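Look for chain A in each of the two complexes below; its partner is chain B in the first and chain C in the second.
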Partner chain A sequence: MKENILIIGGGAAGMEAATQLHKMGLNPIIVEKSEALGGHIAQWDRLFPAFHPAKDVVEQMLDNVKDIKTYLNTEVTDIQRNNDGFHAVLSNNETIDAKAVILATGFDVFKAERKQEYGYGIYNNVITSVELEEFFRTGKDERINHPKKIGFVHCVGARDVKVCNTYCSKVCCTTALKQACEIKEVFPDAEVYTFYMDLRMFGLGYEDLYLKSQKDFDVKCVRGRVCEVSEDMDGKIVIKAEDTLFGKPLKMTLDLLVLMCSMEKNKSIDAIQQKLGIANNSDGFMQNKDMYLGMNDTAQEGVFVAGACTAPKSLPDTIGEARSVAVEVYNYLNK
Partner chain B sequence: MIIEGKQKIWADYQKDIPNDHYFYVRSCIRQAFWPGSEVTFLDITRNKLGKDFYENPYHTTCGGIAYHSDTIPQETAMTIIARQFALMHESGYENYVCSCITSFGCYTETLETWHEYPELEAIIRQYLWDSCKKEFAKPKYLAHASDLIYKFRFDIAKQMKFPLVNVKTGKPLKVVEHIGCHYSKMFPSKGFGGAEYPHVLVGMIEAWGGEVVDYPERRHCCGFGFRQYFVQANRGYSESNTHKKFESMEPYEPDLIITNCPGCPYFLDRWQYVIAEQTGKTYGKNGYGIPALTYEEVAGLVMGYDPWDLGLQMHQVAIEPLLEKMGIPYDPKKKYQGLNGKDLGQPMCPSCIKSV
Partner chain C sequence: MDFGFCLSPSSHVKMDNVDLTTFNRLKETNPDINTCIACGSCTATCTAGHFTEMSFRRLLLMLQRGKEDEAKKMIQRCMLCGKCTLVCSRGINIRKILLDITR
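Right after this comes the complex of A and B.
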């Protein structure tokens, strides 16, 4: 009989880890709390840096896991270690006995209303990067009505002591420039500004995207944080920021403001994480054993981690970690 | 505007404050700027609402202006505050309420600092003993006086005679609210409604029948940034801040500005004259300015106090158009009369902005 591996989370990390474990002859079981597999990426339209349709990637991943046992709309409500591994109880009252557990629980999107000065949930034309992606995917959002002037605010909920998130969320810079290009495609006459602290274009093709956004799409990148957002009589958004390259404050009226929300630790797994004895790291994500050679391991034997549950990660990083966790689990079972 | 978003924030930033028995301390500058405000606060709370608000004649300034002007160190400011707390303790009170926003910020900062650094509190105790032979107890509750008017706003509304409504049109007056910077910008949880969308004055306006104006420069400084005004060479910054606010609120045609800080109504009032002198522009209708009142003055007006007893003749911007909009009777002859009808003399009136 094949050995069960319990994978909590059916996003990119969970699906890819399951795929690899299945290929290795093991029996991964995915438990996903939402109604579908795919995680955040399934809500995305196109991926940076090459504007690749997210749907193609998700469909491929879904095809890869079609023969793998999956529970949807299901959560792990209890988990205990026993002599043979782990005994998990699901919210549908079924139980799973597994040799190992992979936590692939991903991330939560920072709730933009916590940055009250940006006016999300107060001013109609302030939206999040997730909502803009939804607009690209569906073409529907009443707030996005032929905007002539659009701003993007980087680092919303990241690198920000005020909200206790001092870490960089890693993907927001590249996402902002991707979305800036895309909204110019939809509204070619619009002026598009991005407000950044640093542009962290670290991956293959990312710097090219930065140059492309300026050369081909005339996106204007302003180095400075937006400090205040308000609304004028016409419902337009008035922002205050500082252009730190010019050393001057600026004020600008926009039709649409997009907040690039950061990743935060997925807190819905906290109770199970606690039962498994996994601590959080200084950024509030799950603590792995070692950042170099034990990134998939945890302090608890038989419990592994993959993807954005340990830190903000891009999709390629997540898939790489998902594959490596499969190797770690395989080696663990065969030691 | 999504009002539900603001309402959620207002619900998140509420304070459970005591209903009665407060030790009241005045502002060092409000009595000169707006001499009717503090006495009206005490009259409303004591005589109209039947509350116990005690004032000790030996209390002093909190030292906030000197502290924020860098002329005294924080330890000195804290020792002054410790003495105020000692007076409260000696008087048998545990709830402390201050008239001034800067004071509220200083008291809050001091209590929070002592909470984080108890060794500093011990040093201040020693300083107070060495200098005054006094011992203090920290207040169980610290409030700003506008918190109390906010808390009692519906009780005031029950006694209201002249709501914030234009008697000629029947429409709510359009009211700009301006919050003193030190009310909640430093410690958002200490203010009703938090730092970005404070509810303390909004709640009064709504309870008394007015309509709140939210305009792009709502959060901007009134112009009384200490370094802008106390340094004479910087006073242009002070005026430019005020000018920016008026330019931003002008399209909304507000009838009234309500404030909860000593300096804000002063600068929002007086700079209107200077702007008019310099540019010829006024922001009210027909050559008038927009009245900038304290919350106690507004509470007094809606409750039917005589405008001249409230000290509204101390405002540069003429109050009469507002009184007429609200249907409040007033005797023009008494505007410049002191106690017992003594003629105080009419001040010189500028021609660039209407005075009566």
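Right after this comes the complex of A and C.
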């Protein structure tokens, strides 16, 4: 009989781990709380650094898991360890007995209204990076109406003690420059500014994207954190920041302000995580055994982690971890 | 009558009123002008910069922040030795841009 592996979360990490475990002859079961597989990446239009359509990747991943048992609109409501592994109860009252559990629960997007000084939810022309991506994907957003001047704010909800997120969210720098280029494609006459503190372009092709944004798209990068946003009488956005390279405070009127929201731990899994005995790390994400050789292991035997549930991660990072967790689970079962 | 106090002028850069004519003219013939990452190599190697306020990366910012007069004053310190062009990690032809500014 094939051995069951319970995978909580049907995003990139969950789907890829399931794909690999299935190839190894095991029986992965995906439990996804939303109505579709794909996670956050399914809401994305194009991927950095090369503007690759996210749809291509997601469709391939969906095709890979088409023969794998999947529960949608379903959550794990209870889980207990027994002599044979784990016994999980689902919200549809079905039960699953599994040899191992993989937590692939991913992240939540930082709620931009928590940074009140940026005026999200108060001023009409302040939007989030997720909403801009939605505009690229669907072409629909009433607030984006031929803007002439556009600003991007980096590190919204990241590297910020005031919201208790001291970590870097890893993907927003590259996403900001990708979106800056894309909005120039849609509105070639627009002036695009990004407000950064450091540009963390660490991966293959990311630095090329930075150069491309400057050279081909005329994106202007201003070093300094936007500290204050207000609205003028015409409904335009007035921002204040310091140009720290120039050493002077700066004021600018914009038609659209985009907030690059960070990743936060997906808290909807907290109850199950607690039942499994997995703690959080200092950034509030799930604690893995160690960051080098035990990144997929946890303090609890038979419970594994993959993807952005342990820290902010890019899609290639997540896929890499999902594949490695499959190997870890396979080795654990054959011990 | 002098009461011993006055209003200080705002030091804010008002980006809405900045005249970018010179910078945009330079950009047409020197598209690499946009690619500066403010590493400061140009200023660190600059002989004039060791004795004066000359700094090419700052000069570029001045042109983009409406301080063209200050920029033109600064440029007089340059001796056109071209060391900045040799060290620029983005490969910007700084010497040519400096010449073009005064044209």
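As a convention for this text, the second predicted complex is superposed on the first by the 335 of 335 C-alpha atoms of A that agree within 3 Å, B and C clash if a C-alpha of one lies under 4 Å from a C-alpha of the other, contacts with A are read in each partner's own complex, and residues count from 1 in each chain.
The working rule: contacts are C-beta pairs under 8 Å (C-beta built on N, C-alpha and C of every residue); 3 or more make two chains touch, one makes a residue touch a chain.
All of these numbers come straight from a predicted model, not from anything done at the bench.
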item: Which of chain B and chain C A:Lys215 touches, first, second, both or neither; value: second
item: Partner chain in contact with A:Leu250 - chain B first, chain C second, else both or neither; value: second
item: Touched partner set for A:Asp63, first chain B, second chain C, both or neither; value: neither
item: Chain B versus chain C as contact partner of A:Gln116, first or second or both or neither; value: first
item: Partner chain(s) touched by A:Arg223 [first = chain B, second = chain C, both, neither]; value: second
item: Overlap of chain C and chain B interfaces on chain A (superposed complexes); value: none
item: Complex contacts: residues of chain B adjacent to chain A; value: 1-2, 5-6, 8-9, 194-197, 214-219, 251-252
item: Residue ranges of chain A touching chain C (in the complex, touch as defined); value: 211, 214-215, 218, 220, 223, 243, 245-246, 248-253
item: In the complex, chain C residues that touch chain A; value: 11-16, 31-32, 34-35, 38, 57-58, 61-62, 64-65, 90
item: Complex contacts: residues of chain A adjacent to chain B; value: 113, 116-117, 120-124, 228, 230-233, 235, 238
